[in-house]
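Structures follow.
Two complexes follow with chain A in common, the first pairing it with chain B and the second with chain C.
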Partner chain A sequence: MNAPADVPLAAARFTGERVPRKEDRRLLTGHGAYVDDVTMAGMVHGMFVRSPIARGRIVAIDVEAARALPGVRAVYTAADLDRHPAKLTGLYGSAESKFPDIWPLAKEDVRHVGDPVAIVLADDRYVAEDGAALVVVEYDDADAVVTIDDAATGAIVHPDLDTNVALMIATPEDPGLEAVFAGAAHVVTGTITHQRQAHVPMETRGIVAALQGSGEMLIHASCQSPHMVARYMDLAFAMPDLHFRVIAKDVGGAFGLKVQPWREEVAIVAAALLIGRPVKWIEDRLENLTASNQAREQDVTVRLAFDADATLLAADIDYRCNLGAYPHGADPNSLAMVMFPGPYKLPRYKFRAQGFYSNTAGQAAYRGPWAMESLARETLLEKAARQIGIDAVELRRRNLITAADQPHTMLTGFVIDRVTPRETLDKLVAHLDTPAFRAEQAAARAAGRYLGLGFAVYVEPTTMAFGGILSSDVADIRIEPTGKVTLTVSTHSQGHGTETTMAQLVADTLGVDIEDVSVMEDDSSRGGFGPGAGGSRQAVSGGGATLIASGKLADKIRAIAAHVLNASPDTISLAGGKVLVAGVAEMTTTVKEIAEIAYYQTERLPEGMEAGLEARHRYRPPPVVYSNAAHACTVEVDVETGMVKILRWVTCEDCGPMINPAVVEGQIAGGVVQGIGGVLYEQISYDARGNPTAVTFKDYLIPTAHDVPELEFLHIATPSASEGGFKGVGEGGAIVGPPTLVNAIADALAPFGADCLTLPLSPPRVLAEIGTRD
Partner chain B sequence: MSSHAIETIVNGQSISAQVEARHTLADFLRGTAGCTGVHVGCEHGVCGACTVIVDGVAVRSCLMLAVQADGATVATAESLAAPDGTLHRVQQAMKDEYGLQCGFCTPGVVMTLAAITQGRSPDAEEIKDALSGHLCRCTGYQGMLKVAKRLGGEVQA
Partner chain C sequence: MKAAPFDYVVADSVEGAVEALADHAGDAALLAGGQTLVPLLALRMAMPGVLIDINRIDGLAGIARSGGATRIGATTRQNTILHDPLVARHVPALARATGFVGHHQTRNRGTIGGSLGLAEPAAEYPATALALGARIEARSPSATREIAIEDYFLGPYTTALDMDEMITAAIFPDWPEDTIHIVHEVARRPGDFALVGLVAAFAVEGGVFTRAGIGWFGMGPTPMKSARAEAALIGQPAATVDLAGIARLAIEDTDPMSDIHADAAYRRTVGARIFERIVGDAIGQRKAA
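And now, the complex of A and B:
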């Protein structure tokens, strides 16, 4: 393994500590600023008229009754919005992808239940809903394409495409592969099916759009980056004389759903252009569970070949996913194919992946969008361990890459470096006391109770700065004439805590108190473009930019101080808001005094130095940075009811040096619990006509405080090659969590020969696995 | 729509207003009273984000109509901290234990905790029961479970 990167924060006071979050006071006291908290004079409220059918032609739309309702100010259909045509662009996919024309409102036909057909603007939301109920749309109903199997054989979803396959990718033919399987000592097969999930941020989507004069569209949006929204709207409307400014202070969770604006947000901006008044739309939960983009719904058939020593010889996987009608991109989860080998030595690998369009809500990236690779690999490895008759941890140890193997080039081309899959697994196992658990398990089984222990190991590509919108982030930092520090950075928090973690980095680099640092990431008109949250990249990319920009500013302070104090710059250090000269206490000055010189007494600056105390850095992180982790959990399965109780959950991750361990653990926990929801409870379902059947929180069940264990956290911190050595941690829990839990349940039910490869493992499904229910 | 005159006390301020019969208490508090800390996460009584205290009892303000609050005293998260800014002990515990991330569920959570710990000392299990009526998509409830233990007296602050 390469030498660790230097961590430049030798005298860290804040970095690495459990610093209390700066954002918490306003959020705890009800003073957060979310999009629905924005009101403007003359603002009208939007409500969408949505398709009640999954597939059909629009025969007629009658908006007269709605327009006549007192308090309704406008009703727009696609024909009206076309005065400012705005075509939606996808975020994922390749040049070969087949991507349909997507417009904010349906034109000739509707393609999923919830497809927006018209928008009603009224004085308040209540009247807007009344108005929407008065819009009469006549449809010519057609049979819906709902499942992946429907899509593979049924009618074409998008008339402008000649197929329902958005993209198929595959490895080249490998004529020798079948001989490897034929000659293998063990071949293990299985099909893993993952249901559809919804992101369900507790704050739904929402937007306020208001023209400022004629040339600026001011937008408040619930999003993952105000810069991304501004960029997206500019591309969609392509109006040369219209500029977009986007503000997003507090956002109540996103998880991939809000990575870019989508049809409704674009429609609201178009409506604001037409009506010339501020327009607000706040999605309600029914819309969120039916019309917002969704995630997962995929299946993958896996074959693994092993030699007699349980060493992996080859893998062959065939993957399919349901992209719905209007996905955020036309990609068959390419990254899942790339990452399937994970942290294992895999000498031979074949894959095929297909993404299908259907008459269901479109797909969006969801926390670890490629997570199926870990679920498929880790569940099949434990199935292999059961089949071969070897301990699942031992099987992994025989196949995991070690420090000596790195840098390790995966068959798919990614080069994994500075990861610790073996070390995290060993540390986890040492903490667990597996023999004690196995004894407890045996005793329980003798008494008719079923306990299980499951493991999972994974490696995660983060940051993904290898091109496109994720390539860089920018930090602008300044010390105000008052001595206070303002960081404007292209990160964006939807709960990530970057207001705190970025301030920790700044405070240490400049030697100031964290209370004196404010972090601004809420306004696209300040700082510069950055993609915000996504790809577990903010600590790596935003953190790197912040460290380097702060370092430049620290250098400038030292240069000014050296000049005015007639000292050498390398004798000057910054601590406690002071500027110290080594060995000469009486020469101590303050950052505030240096700031006053930089702004007010510019004649005292070194010859030719730019006035002010400001610095900027746009950071290009390494193309890919790798995080890794091993998790284990134990469960008890009630074989009478099919209920699963999680007893214990231990995580051991390596996300590099932690800026704030409490924030790191918060990210891991949030991801794990979303994973628990995906394994046990959550399911977006449709009937055969394409009607969604889980449309409230009574049907779509997310975990509650009663459903979660108290996590035990272990950490290993191996620096990456990025500035600061950070690796990123946002998505991992949601990737490695699900196979951990599935494996524990399968272990508990091993006496029944259950594989547990069909999610969710709800009580009826568990009983089916046991064989007591179909 | 029928319109009704109501008088309420919200966070110590008396408010006289005309409300439509169908207006929820949540919308009244957010709109008329300006208490935007009242968050609406589902509008069907499951998520708990809209929880406020009405006459001493934790209530889901999306399930109550504004007209039903006529004559009532209502407290929202904005009123919990002391005038000098000192956080209420449930707010302080939530902060100390990293009980929040995006903060959207948070005002509802703190109002429930404030209501059930007002003048009584529920144990950790009862607090956890109360927490299970709140949906949080960010935290995995880890900090809140610590808050339950701390407020429940099992763990010293």
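And now, the complex of A and C:
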């Protein structure tokens, strides 16, 4: 790796290396501990009765036949759950947002297909489903509000609001803007439309809730942070004498869907309170594809103005998104508006963004929730290059900020620093051999084959500790009397590898073997609050907390050793589980011996020193830590069928010094694959009545190993201002991946004048783009 | 996604299976490989009262030659067919079509009888049987009969099988030795149902088409046969035949539907294109050889 010398990790043995993940043996051999592995005495299984219509009034609910079915233990409706009223709150949005009252189960009306109306609790899931089929709900059906256009003109989705617009945000009027466009040498316009996607984690949502005695609600949940779930439930139920303890061991993917509990999880907790027995609910794939919150479904109309030298003069964007009925927040993607200028010098910028409610599944954050900024900007920049007649890389070079421009204050107020958009692009281009590709492309075109090369460059705000729940993380570290190390940290892994990366940091700081470090991040009753995964922040925030806490402990070990060995603390170093005194080999002792002194021979400690080997640090990262990347890919488009084959994909990112390059590359690859899914395959669609039409994996197509190329990774490592210099990298592939692929396809189809701005670029869509359908 | 309650019966003979079918007329389903049925049960899109497991019936699986035809027993697994030398030699189109059926894992369980019994319009086997003029061997408590493939597919997932009747084998009559076999499909991802699928067999003697079978999948409410194009080819010289015209004619006999993956116009456009190119290539290759 390219770790610069100023990374404060002396004698790194693990940090920066491709250390095999500690969790992989467990996960790959089927020994992970997921929520569905939890079983408890007396546990019942929940199944939701869900609305089959998108919009309508509930006239009557008859649960008697279901209650009478042998094996059914209870059937609850909203009226029953109201004995422990729990109101759902949103994570995203502002004080001006219009957010409806949201309850775990539908009350007077249903607002999307899949809206939960009742819960059946039974001895097993089979009987629960049998019981659910016996619940008779009579609806007064109404016309559904499905699309953004429906929402803009149709009926009001939430009767307690007076509009379907959850929030509109916009820049102030700019009277001079039109003159800039009127005087521009080149004006480029386009509307890019991104379809709705589902998160489809391999493990669906799930929860087990069990009242322990009278005061503790024990929850096992598939989530992104046990602390977040505990906090959320506490706020939702507001029961002063009820304490929530949340355990989340292994989680098989989340991607934003599980950043907070939602209606079903809250309903199951309420049901556990009512029935007085443990209750389990494991979302099945049908529920996951129809009733779980979803993502994207956005369109944005862009105007860009350039001068004669292809220098950006102004941008004007108008953004809309479909928030569905019950989104996790009422926000029209304000971060996308803030980030649209990206790593470019943009002197003038106007935006307007609106989020609309509709009778569809609600929206949730999805890996790079603001990704539309990069998709819109990078696709329109390449359209501009084609229109102006200049190379797309050259156009970017003329407009990208460079090292000399930093710190760079975007028009939207964010200050970008320590990023390398120009350097990553240059390294990528050098690796690609663009001239060779262009020659191959020309030869192929002459033979009737269409190859394309696309680029995308972006800068990503990671960590986002500028206030609110993402502000800090905490690490508690102790060396046991046995010499083993236990780190309890407020990170959480749904596949992120924090069990390994945090252990790498600890092992190097304390000079111990990575095998001797256990990382605990699975229990809200241990350690302290942290938001867990989300916002590409765990290496920065959790890693910073871990580094500092480990450093405090290393200092204590040195202080004790110095005292017992009568040496100066700065002559003492830690390596290989040993405590070494410079130049005096015979004085070498071990961490284990120091631990024994700290716990068992406290009289040998320096005067006034606290016994034990324990340290804690709550770390406040810089407000925003920027990472960046440039990607390129090449494709061949079959103009006979509209099928796209990805030939090559090269990435060059700068996420600062890498704790574990294999984990970094895994994160990038995962994001790119989801981006490929978004561009080519995945589509949650609804018919005009609001019925979902892709409800199984037969119809909701995700990329498989067949569809994904081997990725080529290049790295640049510029330290950030955070402890360790780390930058977030979890979401980037999903942000910069889609425009990279769209641009490659548009480049392949340039002879047809295709823009390829309507996703997904399915085979029929591609044929429509090139206009060759019979 | 848990199945509704059902009774489970293991049949140890074909007679026993069809008697059970008759006993529960209309409320029973046969369980062969289960690669479609089990998901349908889990989704409660199928809720039979009785599941009759035919996997343990001796002799129901197997591939044999008889009377100028290849007989493939109903519970023969798709992966067996994929690697079987008799199929490779005598029914190469079926072997090639099998490579497109699902994935390796599903082919280990999926059976030919199950696929033909389900009659999925976008699946490979029904269209292959239709193109090659196969016969469906079926048994009821009272009789055994062979159903000509042209009379077998009645509608979407609907066949000529009676309520108390089960498939015991598919019989593929031999085509002439030098027949050109074509299997091609356009699918979103390997293993997906086809957006457009083509199975064809062409016998050419003295440079002239003497026999043609053209079947489509994903191109209508059932597997579709281009009877007019087949007839139009007979007597035409392979070297100069107007393939664009034949392709148009072949597509006219399809009736594709629009769904979330492709509209009907796409299927017609691409169907005609692949027909013209693939058949052209096949004839060209034959000429070169």
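Definition applied: the second predicted complex is superposed on the first by the 766 of 774 C-alpha atoms of A that agree within 3 Å, B and C clash if a C-alpha of one lies under 4 Å from a C-alpha of the other, contacts with A are read in each partner's own complex, and residues count from 1 in each chain.
In this section, a residue touches a chain if its C-beta (ideal position, glycine included) is under 8 Å from a C-beta of that chain, and two chains touch if they have at least 3 such contacts.
Being a predicted model, the structure only gives us computed values, none of them experimental.
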item: Touched partner set for A:Thr696, first chain B, second chain C, both or neither; value: both
item: Partner chain in contact with A:Asp284 - chain B first, chain C second, else both or neither; value: both
item: Which superposed partner A:Glu394 touches (first chain B, second chain C, both, neither); value: neither
item: Partner chain in contact with A:Tyr126 - chain B first, chain C second, else both or neither; value: both
item: Partner chain in contact with A:Gly32 - chain B first, chain C second, else both or neither; value: first
item: Which of chain B and chain C A:Asp555 touches, first, second, both or neither; value: neither
item: If touched residues of chain A are counted for chain B and for chain C, the larger one; value: B
item: First (chain B), second (chain C), both or neither touched by A:Asp101; value: neither
item: Partner chain(s) touched by A:Thr704 [first = chain B, second = chain C, both, neither]; value: both
item: Chain B versus chain C as contact partner of A:Glu64, first or second or both or neither; value: neither
item: Set intersection of chain A contacts, chain C complex versus chain B complex; value: 125-126, 284-285, 696, 698, 703-704, 706
item: Chain C residues touching chain A - in the complex, by the definition given at the top; value: 1-5, 39, 43-44, 186, 188-193, 195-196, 260-263, 265-266, 268-270, 272-274, 277
item: Residue numbers on chain B that touch chain A, as the complex places them; value: 20, 22-23, 27, 30, 35-44, 46-47, 49, 76-78, 80-81, 87, 91, 94-96, 98, 100-107, 110, 128-129, 131-145, 148
item: Residues on chain A engaged by chain B in the complex (per definition of touch); value: 20-21, 23-32, 34, 36-37, 125-126, 200-204, 250-253, 255, 284-285, 493-497, 662-663, 665-666, 669-674, 696-698, 702-706, 708, 710-711, 733
item: Residue ranges of chain A touching chain C (in the complex, touch as defined); value: 125-126, 129-130, 133, 284-286, 640-643, 681, 683, 685, 693-694, 696, 698-699, 701, 703-704, 706-707, 762-764, 767, 773-774
